[in-house]
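Two complexes come next, and they have one chain in common, subunit A, joined by subunit B in the first and subunit C in the second.
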Partner chain A sequence: MLDPYLKEALVARLTAWADDEVVLAQRLSEWVGHAPILEEDIAIANLAQDELGHAKVWLELRQELDGSDPDHLVFFRDPLEYQNAVLVELPKGDWAFTMVRQYLFDAYENLWLKEATKSAYLPLAEAAGRILKEEKFHLSHSSLWLERLGQGTEESHRRAQEALDTLFPYVRQLFQLLPTDEALVEVGVLPDLRALEAPYLEEVGARLERVGLRPPQGGYVPKSRQEHTEYLWSLLAEMQSVARWDPEAKAW
Partner chain B sequence: MVKLRIGYPEDPDYGERLAEFEARIARGEKIEPGDWMPAEYRRQLIRMISQHAHSEWVGMLPEGAWIPRAPSIRRKLILLAKVQDEAGHGQYLYHAAETLGITREEMVEALLSGKAKYSNIFNYPTLTWADVGIIGWLVDGMAIKNQTMLAQCSYGPYSRAMVRICAEETFHHKQGKEAVLLYAKGSRKQRQMVQDALNRWWWPTLMMAGPHDTDSPHTPLLLRWGIKTKTNDQVRQEFLNEHVPELLEAGLRIPDPHLRYDEKTGNWIHGPIPWDEFWKVINGEGPMNRQRLLARRRAHEEGRWVREALEAYAQRQLAQAAD
Partner chain C sequence: MWGTEWPRFEVIKQDTQHSPPQMVGSVHAADPEHALLVARHVFVRRPAAYALFVAPAEAFFHVSQEGLKDLAPRREGGPEEAYWVFAKRSHRRSMVYGDLVGRFLAQGPEDAIAQALLQAQGVAFWAVPERLVVGTEPTEEVVESWFAPAKDKRYRLQSYYGLITAKGVEDA
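For the complex of A and B:
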């Protein structure tokens, strides 16, 4: 099985994935009840459930490794301890911002999850396979929105392009390795995320071009998952407010 | 759209058709969208079904506000699923109403302009997390009593919608009850929070069933045409008989000093309901009426460009397909 160093490395990696999902689910859930059409209220509530469900999967894999409590990790860790990528914590913005982000993230998830199904760590390979099934639906939903926005009206195109200009540089953070990831890659537990960046840029670039959107050049790329924006604190403060409100509560 | 001009009392064949229609209902047959029906039957159903759809859509707001604050992964998943169901019920009911010759746009317009009503209960605020549990157990508990009755409705599409919706509401009811029972036996702050929620939601919940039968002018006609199969007071009584013993068993206090059990009938009898408040809230003077409507209008306004993009994209696809 995994030696203590690899175990610790995998714990860090699972936590980073889970944090991405928790924070993205939080942003998605802010839309519920406020979507542009009722059908999208249904869709976005579903996306939020799926993403949070995926976080739960990763945290339960972590629990098997170190006995940690998933709820405790989600509701009692401070902003500086969260390991999510900046992409997912940015405020939800308008519908274009939310859907362009979702597309960029879904495309990334589909890519690495497919690789992760070959992981030498079987529980990870199996979980990736299960999650990938749902992520395929997410990707077809957000791809269609990308197309509708890119090829809808002048206004929708402008808003989608603006969203892309803001979001695109952050995508590159998703392909960075954690300091301990290298060891996991070496033993085949983790796909080499760095190697997925080029195929990602090619695939996403081609689709963006088809719908008339252009990825921006340059932009700021966070250097590690320790980096955050000032938006994370208030996101977590709200999310954790009930759970932290009563220290004597034993169960929720 | 073309308004249907059939089923009016001044039509020459109205008497004969009405007799046939009422005979079908008496035989327990369902009335389907293309069938002849009195204009007043159509009007009452459009009113009821669209109000019901609006209630689902507006009803997403008080609970939806707590999705971002749900205190555990499990509770957040449950609440997301629940509010998603409500959106689904709204969508389903708007479709059911559309079978009667009204469009969703017309119904939405009636809601946003303040003309259409929705369930009064959603004009109250959700102040704490415990409200989510109490809404699930009590508000949905009352809704289920009403909807189980409506599943027997003589109008096919509404009846079938209710069957499906009741199945999901049963899950909403169960999760609410489970949460309330947990908090009622929980920490000091949890116990206080859940009692406070019960205090605030008790009377609005009882009022959900509608005015007493003696003050409900539509009821006799609605019963005769099988739109409703029970009166408001009957529905309220069923709710009380199920929920009062369970709330007391949980160690909660029901905020009605006159509440008593009647040995003879086996019914729980409530004290005087504050109807003044009911009429005030229904006429727009409730604590959240304005906020709910503003939230719906804002989402509608902010979503306008998205709907325009959808429309433009669809037109383009059609044009391309035609080429």
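For the complex of A and C:
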């Protein structure tokens, strides 16, 4: 049993992960009906559903800790209460932007989930193991696109590089600790995300270089998960509109 | 291939380690590796699978039962190569249209099908050179990440999900 402070810290951490997944899933789902080819349309709908499934896993773990209702958290929290990283809320852009973001996020997930399978909190270790399997496949998909965009045509390369220039600084936010994370790291519940940044930059940097893309230097890195862009507002307004329109609806 | 359209690949799915690979449909993709990935998304999100294979659709030779009488296998002592031969067993409606009969060393697809006919009946046959078939690696890692997650996902018919209704639906 976790002591109350650790419990609260874990609730915050699970919420941050879930919010990343929910917001990214919503961005991916915006491609449904608009992807460049039918097969990729189906694929991106699958990715969106998977990410949403992962959010559900994290929010159900949270529910075990504090009894909160996952649906209520997703549909009735205001943008300022969302704890997602800025990376996932940026508009979907073109196909290159979406695929480069997916690659950067998948690579991060593969790295930390692998570490989280060793968590001292067994429900987290078990969930991480389950999600990691699916994320490995996601990474195969986004890596394949990264390679084809980077080395395809002059235009695909230009678009992929532009996407990377915008996205890369935001990736670094993913490795920041929440104020309460330190305690979780100390007791082995949470992998130290800060320690994963260097291996991430090395691994991702090497792959980007192989496909002819160059990570930009510098750039603005958001300071906390309370920071959001204006884009989160419209995303949540759309995503939450049905639930908020009739909050008492109770049957499907 | 028309205009800028990507080529079409036939998708072959193997459900378990011991079941025969079956032709299940096709995908458009940029190259074989990409075809395998989208085939996983399109054909294997729910049902179980052990392996996937793809081959360019245009590389398939096909013949129906009616055409078999005109099949003229070349056997001139030329070089042989391996072909995969598939047979559609009946006209019964099915999600699958060709089962793998086997792998045959032949001088051409007609020859491969003629050999397969000694083993299997069918209403249509396909043959494709093995060198053009690309499959998923039969490693634990691939099976775990490509196919295992589907096992935990419940498949539900569309009709399972009703329409959202207003409050008080139980009393309606």
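Quick note on the criterion: the second predicted complex is superposed on the first by the 247 of 252 C-alpha atoms of A that agree within 3 Å, B and C clash if a C-alpha of one lies under 4 Å from a C-alpha of the other, contacts with A are read in each partner's own complex, and residues count from 1 in each chain.
The rule is simple: a residue touches a chain if its C-beta (ideal position, glycine included) is under 8 Å from a C-beta of that chain, and two chains touch if they have at least 3 such contacts.
Not measured: the values here are computed from a predicted model.
Overlaying the two complexes via subunit A brings subunit B and subunit C into a clash. Touch counts on subunit A: comparing subunit C and subunit B, the chain ahead is B. Of the two partner chains placed around the shared chain by superposition, subunit C is the only one that A:His141 touches, whereas subunit B remains out of contact. Contacts of A:Glu39 after superposition on the shared chain: both subunit B and subunit C are touched. When the two complexes are overlaid on their common chain A, residue A:Leu80 makes contact with neither subunit B nor subunit C. In the superposition on chain A, contact of A:Ala249 is made with both subunit B and subunit C. Applying the stated contact rule after C-alpha superposition, one finds that A:Ala206 touches neither subunit B nor subunit C.
When both complexes are overlaid on chain A, the residue A:Lys133 reaches subunit C alone and has no touch with subunit B.
Of the stretches 8-16, 44-52, 80-88 or 152-160 listed for subunit C, only 152-160 runs into subunit B once the two complexes are overlaid on chain A. Subunit A uses residues 37-39, 42, 46, 148, 242, 246, 248-252 to touch subunit B in one structure and subunit C in the other. Contact residues on subunit B toward subunit A in their complex (touch as defined above): 57, 60-61, 64-65, 67-77, 80-81, 83-84, 87-88, 90-91, 94, 129, 182, 186-190, 295, 298-299, 302-310, 312-313, 316. Across the complex, subunit C is touched by residues 37-40, 42-43, 46, 50, 130, 133-134, 136-137, 140-141, 144, 148, 242, 246, 248-252 of subunit A. Put simply, subunit C touches subunit A in their complex at residues 6, 27-30, 33-34, 37-38, 40-42, 45, 141, 144-146, 148-149, 152, 161-167, 169-170.
Listing the residues of subunit A that touch subunit B in their complex gives 25-26, 29-30, 32-39, 41-42, 45-46, 48-49, 52-53, 55-56, 59, 70-71, 74-75, 94-95, 147-149, 151-153, 155-156, 159, 238-239, 241-243, 245-246, 248-252.
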